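Here the chain labels run A, B, C, D, E, F and G in written order, and each chain numbers its own residues starting at 1.
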Amino acid sequence: MTVLVALPVLLPLLAAGLSLALGRFADIQRALGLLVLGGIIVDAAVLLHVADRFGPVVLQMGAWPAPFGITLVADRLSALLLLISSVVTFAVLIYSIGQRITDYGRERSSTTFHPMYLMLCAGVSLAYLTGDLFNLFVAFEIMLSSSYVLITRRTTATRVRAGMTYVIVSLASSLLFITMIALVYASTGTVNLADLGEKVHQLPDGLQIALALLVVVVFGVKAAMVPLHFWLPDSYPTAPAPVTAVFAGLLTKVGIYALIRTQTLVFSHSESWNLMLGIALITMIVGALGALAQNDLNRLLSFLLVSHIGYMLFGLGVYDVIGLTGVILYVVHHITVQAALFLVSGLITRHTGTVALTRMGGLAKAAPMIAVLFALPALTLAGVPPFSGFVAKLALLQAGVGAGTWTAYAVTGGLVLTSLLTLYAMARVWTRAFWGQVKAPEQDPDPTDELVVGTATSNRPMVVASGVLVATSVVIALLAGPLAEVSGRAAEDLMHGETYRSAVLGGAVE
Amino acid sequence: MTINLTMAVVLAVLYSVGFYLLMQRSLMRILLGIVILGHGSNLLLQTAGGPPGRAPMLGSAQPEQMTDPLPQAMALTAIVITFALTTFLLALAYRSWTLLGHDEVRDDLEDRRIQRLERRLAESEEDGAEELEKEATQ
Amino acid sequence: MTERITRRGRLLRRLPMVAWLTLVWVMLWGTFDLGTLFFGLVVAVFVATLFPNPAIRTNIAVRPLRVLQLAGYLAWDLVISTGRVSWQAVTQGPNAPAGIVAVTLRTDSDHITAMVANALSLAPGKFVLQIDRANRICYVYSLGMRAADAESVRQEVLALERRVVRAVGSPAELVLVSGTEERA
Amino acid sequence: MTWVFIVTIGLLSVAGLLVLVRLILGRTTLDRIVAVDVFVTVIIAGTCAGMGWLQDGSNIALLAAFALLAFIGSVSAARLVEKKEPYR
Amino acid sequence: MSLLDVFSAVCLIGGALSCLLGAIGLLSFPDVLARLQAATKPQTLGLMLILIGTAVQLDFIYASGLILVALFQMLTAPVMAQLVGRAAYRADSIRRDTLVVDELGDRIERERRDR
Amino acid sequence: MPLLAFVVVHLLVALALPFLARRSTRAAFLTAAVPPAAALLWVLAQAGPVLSGRTISETVEWAPLIGLQFAFRLDALALLMTVLVAGLGAVVLVYADSYFTRGGGDARRSAPLLLAFAGAMLGLIFSDDLITVYVFWELTTICSFLLVGQAGLSRESRRSALQALMITSLGGLVMLLGFVVLGETAGTYRISELAANPPGGAATAVAALLILVGAFTKSAQIPFHNWLPAAMVAPTPISAYLHAASMVKAGVFLVARLAPVFTDVPEWKLAAIAFGLVTMLVGGWRALHEYDLKKLLAYGTVSQLGFLMVLFGAGTHTGAMAGAAMLLAHGMFKATLFLVVGIIDHQAGTRDIRKLSGLGRELPWLAVIATLGVASMAGLPPMLGFIGKEAAFSAFLTGGRPDLLVDAVLVLGSMLTVAYSLRMLWGAFADKPELPRTKAKKPSPEALIPAALPALAGIVLGIGYPVADKLAGSYAEVFAPVADPYHLALWHGFNLPLLLSALAVTGGVALHLGRVQLTAARNKLPRPLDAQRGYERIMALLERVAVGVTGRLQVGSLPTYLGIVLLTMLAIPGSALLLRAAVPDDLRAYDNLLQIPLAVVVIVAAIAVLRSRRRLTAVLLVGVVGYGIGGLFIVDGGPDLALAQFLVETLTLVAFVFVLRRLPVRFTQSDTAKAWQVPKAVIAVAAGTFISLAAVIFSGARQAPPEASEAFIANAEKGAGATNVVNAIIVDFRAFDTVGEIAVLAIAATGVASLILASRHERRKRSTRVRSVPVKTPVKLQEEVRE
Amino acid sequence: MTTTPMKRPSWTTWDAPAERWLLSGFCRDGKQRTVLLELAARIIFPTVLVLSIYLLFAGHDRAGGGFSGGLVAGQAFVLRYLAGGRMDDSAIVSMRPPVLIGMGLTIATTSAFLPLLFGGELLETAIYKFTAPPLGEIKFVTSVLLDSGVYLLIVGVVLDLLRTLGSGIEADVDAAERGQR
C-alpha cells in the first residue's frame, strides 16, 4: 500500500533510465512516458482518496523510521497537488509528442527530451511527497536541473542568454537552499520536517523568525515572489511552448508548495508574518503592471504568472484555514490554467509565426478553435465566474475580509485590482490577436529555433492536449464543491500539524 | 557546538568571493563563483555537524569521538550535485561562446526595449499602447 | 607485423598485467589471504579482458636483481640530487644556470626510451624535455650545468640507459649498450 | 612521537603556504600548474602524516586515488597551455 | 622511543624538510623548468619519506597501501614533469638568458632555416 | 428545477448554435428565440401564485464550504424582469434575423451570444444568492464585450468593447467584494435570508457602498456612464437588447433586489438617490445635443437609468411601485425605439438627424410605432410611462424637504426627457426644409412587428394598468407596508403629480422649441468634466505606469537580479537575525590547529581568484580552494567526503580545461559599469558576512547532539552491514537521496551532450542542406540526426 | 582563437611513440602524443580500474563506495583520453555513454524495488553472510547493487563528458580550423 507513495518518483526515474538506455527507439520512449505518467494520475487519485479517508499515507524508505530514514508522505495537500500536476504533465507530454511528430516525423527519437521530461516529473512528485528537508533539496535539484536542460535544449543565439539567466539564478537559489539546510541542521540536528516542527520551537524566538524568513527568501526565488522574480519573465518565455507550460504550471507552484509546507509544519507565526501580506500585494501589482507593458504574448503570460503568485502568497499570509483553503484551491486552478495558456500560446505562435501581439490579428476568425481554447483559460485566469479561478479567488476574498486587519483589507483590495488588470491584459490579447483583420502567418524567422515555428499546421494531439487541460480547468470548477471540501480539510491539517507529525513520527519518537 | 572563528572567517570569505563573482558578467567568472559558493556551502554543511573528530568508521574510534556522519553524507550529495551542475554550466558557457562569440551574460533585449519605451513615454505625451504598436510594426 | 596471435599467447601476454593488478588489489586490501587473492585475480582478469592492451612487439625481459640495483641507484640519486638542487635553490636561486643537451640513445625501443626518460626525470636536476623518437634523441634539461658540462651530462644519461637496459632490456639491446660501452 | 608529527605537519604547512605564494605570483600559467601539483603532493604528505599521528588508516584509499590521479589535472592543464600559447 | 620510532621520525622530518626545500626552490628558481626540478622532485622524495615514516607506524593492513601510493607517485611524477616542461618550452615560457646550452633550440632554428 | 433548467437550456442551446449558424443564420436566430419565449410563457403561467406571494425557490449546491451555491427564486420582481429579458429577448432575436446580413460573420457570432446572454440574464434575475448574482452578472459582461466588439475590425469597436468590459468589470469586482463583506458579516449569502434579517453595522454600510459601485457601473450611472454611449458601435439589435432593455437594468435590478436588505443603511439610499438624480439630469442634457439617433437614445437610457436608480434607491413602497412600472415601461419603449432606429439605419443608410428628412411620410408605419414609443418615454397618457411617472412624482411628495427637492429634480429630468423624446421623433421623421428628402426602402414585416410589439405592450399595459399595478404592488410588498398603499392608475384625480406631469410636458416642449438657442448656450458653457476623456486619461495613465514601473524594475541585467536577491536576503532574514539574535559567547579560535594553515590557503586562494585575469589561473586557484576544503574535510574527520571532494575537484579542473580550449586566455573585460564593482563588493561582503554570522549563531543554538546520527552509528553495522557510517547513510539510511543525486548527474550529462553536440548537428545539417535540393516543406528537415 | 591554420613544424610530433601502446581509436592531434604518457597510461589505466573496483567494494567498511569508485574509474578514462584520444573501441563491450547512464539509473532504481519481492520495504537492505571454506567469510550486502548502479552511472557520466566536452569540442576546434564555423 505505502509503496504507492514512492511510485510517482521511482517510476519516472526508472522510465527515464530506460528511456536513456533505449534512446534509439522512439515509439518505446513515447509509450513509456505516456504509460508512466498516466499511471501516476491513477496512483495520485488513489493516494488522494486514501489520504482523505484514512489520513496521510507514510512510507519510511528502507524501513528506517523517521527521523532516521527518509520519509515520503502523501497527505491531502501533496496528493491533491500531485494529482493535478500529473494531469498537466500527462497532457503536456501528449502535446509535445504531437509537436515532435509533426516537426520531425515519427521515427525521430530523442535522448534528451523524454528522459529529461520524466526526470522533471519525478522531481516535481518528489518535492510534493518528501517529508525531509534535504530530500526536498534533492527533489528541487532533479526538477531544476532537468528544467535547465529543457530550457537550453536547441537553444539559439537569441535565446541562450535567457537560458543562462534562468540557470544561474536557480543555481544561486539552490546554493542558498543548501546553506539554509546547513543552518537548520546546525541549530536543530535534524532535517526531517515533522521532527523539525518540534525542534525548531525549542530555538529562541529571534532565530525562529530569521530562519522562517530565510526559508521565505530561498523558496521565494523559486516561487517568483517579488522582488525575487525578475528572472522569470526574462527566461520562461524563451522556451518552446510545452516546456514553458510545464515550467509555468508546475515549477513555481512547487516553490509555493515548499513555502506552505515549511511555513505551516515547521514554523509558527508572529506579527512579523504580516510581511508576507505586503509581499503578496507588491507581487500582484508588479506582475500585473508588467503584463500590461508587454507586447510578447509569452512574456505577458509570464508576468501574469508572477502576479498570481501574489494571490497564493496572500492566502499564506492570512494564515488561517480559509486562507490556506484559498491558496490550495488557487494553486490547483493555477497549475492547470497557466499550463493550458502556454500550450495555447504555442498553438498561436505556430499559427501566426510570431509572439508579438501587434503582429497577430483576426485569429478568432482564422482559427476559431484556438480562440475558444484561449478564451476559456483566459477568463479562468481572470477569475471570471463560473470558472475555477473565481472559485479560488472567492475563497481568498473571504479569507481577506475575514482576517479583519487593515493590511489584509488593503491586500484584498489589491487582489480585486489585480483581477481587473488581469482581465484587462487578457482582453488586450484578445483585441490585438483575435480581433481585427486576419493576418497572414509570418515565415519562420529562424528554422533552427523551436520557439517560434510558424508552420500554420494544426496538429490533433496538440489541440487535444490543450483541450484536455482546458477541460480539466472546467472540471475543476464543476467539482469545486468536493475540491473545496478536500482543500478545506487539507488546510485544517496544515493549521494543526499534529496529524502530519504523528503520522510521520508515529511511535518512533518517545 | 558553535562553529569556531577560523571556520567562520573561511565561510565568510568563501561566500563573499562567491557572491561577488556571481554578480559579474563573464559566465566563466559566474561559474567559478558558483563553484566557490558550492565549496562554501559544503564546508558549512560539514561544520554544521559539530567540531572535528574521528572519522565515523566503526571500530577505528569510539562513537563519542566520531564526527556527525549525517552532514557528511549530505555534503557528499551536495558535492556531486554541484559538480553535475558545474559541468552543465560549463557546457552552457561553451554553447554561448559558439553561438555569440562571447561568454557574457548581457542584458535582456525585450526588457531593454521596454526601458526605451519608458524613456520615450516620459518625454512624449503619447499612449503607451500606440507606442508599442508603432515600435512593433517598425 | 600481422602475426597471428593465438588465444593462449594473448593470455600469456596478459599475465604480467594480471599479476600486477592482483598485487595492487591485495595491497589495497592489505589482507594477504586466499579470499583476497582469489577476488583480486577475478578482478584483474576482468579488467585485463574487458580493456585489453594492444600487443607489442618488444619483449621485456625483467632481471630482478638488476631491477633492484637500478632502484637502489635511483633512490640514492634521488637523495643526492635533492640535496644538490636544494642547495642551488638556496644559494643561486634566481640566477641558477641550466642547459639543454641532446643525447642520442643507443637503443631504439619505445619502452626503453620511456624508462630512461622516467628514470632520469625521477631525481631533481635533470629531466627529458623532448624526445625525438625517430632519431633516438633525448633532449635533456639539466639544472645547474655549465656550458662545458654538456659531454658529462651525455655520459650520465647513457650510463643510465645502460642500467635500464640491464634491468629490463632485451638481449639484443643489451648487446647494443655494452658494445658502445667497450668502445667508449 | 606526537611532536614528530607536529613538526612534520608544521613544516608541510609552511611548504604549502610557500607554494601558494608561487601559485599567486605566477608568472606563467605553467608555474601555477606546477604549484598546484606540488600543493596536492603536500596535502597527500600531510594526510599521510596525519594518519600516522592518529593511527587511523581510513584515508588510505584517498592517498592511493590521489597519487594515481592528481596528475591528470596538471597534465590536461599543461596540454591546454601547450596548445593555446603560440608556438615559437 | 623505539628504534623504529627514531627511524620513522627521521623519515618524517626529513621528508617534510625535503618538501619545504622544494617549496623554497619553487619560489626562488628563475623559470618554469628550473622550478619544476626544484619543486616536483623533492616533493616526490619528501612524500616517499613520509610514506615510509608513516607506514612504519601503522598496521600492515594499511602500510601495504602506502607502498602502493609510493609506487603510484613514482609512476606519475615524471610524466607530469615531462609534459609540463615540454609545454613550457613550446609555449616559450622559459628564460633563455639562464640557458648556457640549448641544443634543442639550435636544432629547431636549423630546421626552420632549412624549410 | 424549472428555473435552473431554463437557464441551463439557454446556455446549452447557445453552445450548440454555432454549428447551426454555420448552416443558416436564420434558423439559428429563430431557434434562439425559442428558449426565451418558452421561459416567458412558463413564467407568465406561474404569475398567479407568484404574485400572490407563493414564490418558487430552488437551490443547487456548488461549493458550500465557501458559500458557493446556485439559489434561484421566482418572485414578483423576477417575474417583472422576465417579461423584459425573455420577452424582449425573443422579440429582438426574431428582429435580428432581418437586421443582420444572412450568413454573415456578425450574424453567426451574434445568435449564440445573444442567447447565451439571455440565459445569463435569466440566471441573474432569478438569483436569490449574492454569489449567484455575481456569476451571472459577469457572464453578461463577457457576452456584452463579445457582442459589442463583434469581429473587432474597427479600432472604435475594439475600444468600446474594452471600455464596457473594463468599467463594468471594475464595478463587478468591487461589488463582489461588497458581497463578500456582506456575506461574511451576515453569515449568509442568501438574499431572501438577508432581507428577512438585515444585518447592521459599519461593515454592512461598507458593503452597501461597494455593491452600489457595481450597480452604478452596470447601470451607467455618473461617472461610469460613458461606456454605454460608446457601446453604441454594436449592431442595433444588441444595443436594443443589452444596452437598453435588459443588461443595463441589472444594476437597477440589483438595487431593487437589495433595497430591503439595506433599508436601515442611510448611505445606501443617499448615494443611490444622489447619483441617480445627477445621472438623470446629465444623461437627459447630453441626449438633447446628440445628432446620432442611437447616441441620443443611449444618453436617454442613461438618464432613465438614473431615474430608476432614484426610485429603487428610495426604498419606499411607492418608490418601488413607481420603479417597477418605469422599469417595465422603459424596457418596452426603449426596445421599440432602438429597433426603430435600427430599421431607419438599415433602410435609410444613416441615423444622423442632420441627414434624415421626411422619413415620416416615407415610412409611415414606422413613424406610428415610433410615436407610440416616444409617447411612453415622454410620459404621456395613456402610456405605461405616464403611469410610472405619476407614481414617481407621488413617491417623494409625502416626505420632508429633501424629498421635495428630489421631486423637483425629477420634474426637471422629466422635462429633459420630453425634450429629447421630441427631438428623437422630430429628428427621425420630420420634414426638414433645408435637407433633401431621405430615400428609404420599405422594411419587412419581420422587422416591423418586433418593433411594434413592445410599443403596443406599452399602451396595453397603460390602459390595462391593473395588471401593472398587480405586478408592481406584489414587488413593493417587500417594503414596510404603509397605511394607504399607492396604486398605479391612469387617473388619480387632479393632484400635484398630475400638475407636475403637465409641467414636465410643457417644459419639455418649450425646450424642444428652443433647441437652437439651447445648443448655442451649451456651446458657450465650459466643459470641465468629460467622462470619456477621463476614462481615456486613466487608461493612458495605467499604460504609462505599467511601462514605467516595468521599465524601471525589469532591467534585464542578471547581476542586478542576483544583487537584489542578496539584498533581499540581507533585508529580511538578515535584519531579523541582527535585531533578534545574539552571538554566542563560547567562541573558540579554532578546534584543530591544522585548520589554520588550511584556512589561510583557502582564504588566500579564494581572494586571489578575484584578481586573476587569466581564465586558467582562476580555475587553478579555485582548484586549490577545493583541495584546501578537501584538506579541511580530512581534518574534520570525513575521509569519504575528502575523497569525493578531491576526485570531483580534479574532474572539474579537467572539464574546465576542456572548455577553455576554445575560450580566450583572458577574461573579456567589457564590463563598462566599473562603477558598480564597489557596490557589488559591498553587497557580496555583507551577504557573506551574514551567512557566516548566521552559521555561528545557529550552530551555537543547538541544544542536544542529533539523535539521528547516534542512531546511524548504532545501527550501521547491524542494520546496514557497513562499518563506514557515512557509506551506510548513503546506500541505506538515506539511499533515496543517492538515487535522486545520480538522477541529477544523469541529467547534467545529458544536458551537456545536448548543448555541446548541438553545434555538431548544426554543421551536419548545414552540410546536408548544401548537398540536398532545397525543398520547401512545412515539416522540418527529417534526417538521421539524433539529439 | 582564430589561429590561421599553419603547417606545424616537424619537431612537434617527435614525441610520438613508434609502437601502438594503447588501444584507442585515433589521436586527432599527433603533436599531443608522447611516448611517456602513453606508456604510463598503459599501466595506470587498468590499475586505476582495479582501484575503482576496490573502492566500490571497500566502501562499506572503509572510505569509498560507488561514488568514489565511479569517479576514479571515470578518471581512468580521462587519462586514456588524454594519452590516446578517443577510446571508442578500447573496450570489448563498447557502449554509448547515454546507454551506460541509463543502465546505471535503471539498476539503481530497480534495486529500490527489489526488496518488495522479498516482502521488505522499498530500499530496504539485507545482509547475507556465508563462509566458503577456502576463501573465508564472505559478506554480501544488497545495497551493493545500488552502489553498482551508482558506479556504472558515474562512469557513464564521465565517459559522456569525454564524448562531449572532450571529443565534441575537439571536433568543433577542427571544424573551426577548417574554416567552417
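Heads up, the rule we're going with is that a residue touches a chain if its C-beta (ideal position, glycine included) is under 8 Å from a C-beta of that chain, and two chains touch if they have at least 3 such contacts.
For each chain, UniProt lists the protein as follows: E = Multisubunit sodium/proton antiporter, MrpG subunit.
All figures in this text were calculated on a predicted structure; none of them were measured in a lab.
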>> Starting at subunit A, how many touching-chain steps does it take at least to reach subunit F?
In response: 1
> Which chain is most remote from subunit G in terms of Cα centres?
Replying inline: F
> When the contacting C-beta pairs are counted for C-G and for A-G, which pair yields the higher total?
Replying inline: C-G
>> Roughly how far is subunit F from subunit G, centre to centre by C-alpha average, rounded to an integer in Å?
In response: 61
> Rounded to the nearest whole Å, what is the centre-to-centre distance of subunit E and subunit G, using the mean of the C-alpha atoms as each centre?
Replying inline: 28
>> How many angstrom lie between the centres of subunit E and subunit F, each centre taken as the mean Cα position?
In response: 78
>> Residues touching two or more other chains, restricted to subunit F: which are they?
In response: 543, 546-547, 550-551, 554-556, 558, 562, 635, 639-640, 643-644, 647-648, 650-651, 654-655, 658-659, 661-662, 691, 695, 698-699, 702, 705-706, 708-709, 712, 719, 723-724, 728, 730, 732-739, 741, 743-753, 755-756, 758-759
> Can you list the residues of subunit A that touch 2 or more other chains?
Replying inline: 10, 13, 16-17, 20, 23, 61-62, 111, 115, 134, 138, 141, 145, 148-149, 152, 155, 164-165, 168, 172, 179, 182-183, 185-186, 234, 293-294, 428
> Of all the residues in subunit C, which ones touch at least 2 other chains?
Replying inline: 24, 28-29, 117-118, 128, 130
> Which of the residues in subunit E end up touching subunit G in this complex?
Replying inline: 72, 75-76, 78-79, 82-83, 86, 90, 107-108, 111-112, 115
> In the complex of these two chains, what residues of subunit G are touching subunit E?
Replying inline: 9-12, 15, 34, 36-37, 40, 43-44, 47
>> List the residues on subunit G that touch subunit C in their complex, please.
In response: 11, 14-23, 34-36, 39-40, 42-43, 45-47, 49-51, 53-54, 58, 90-93, 132, 134-136, 138
> Inside the complex, what are the residues of subunit D that reach subunit G?
Replying inline: 57-62, 64-65, 68-69, 72, 75-76, 79, 86-87
>> Per the contact definition, I'd like the list of subunit A residues that touch subunit G in the complex.
In response: 2-3, 6, 10, 13-14, 16-23, 59-63, 111, 115
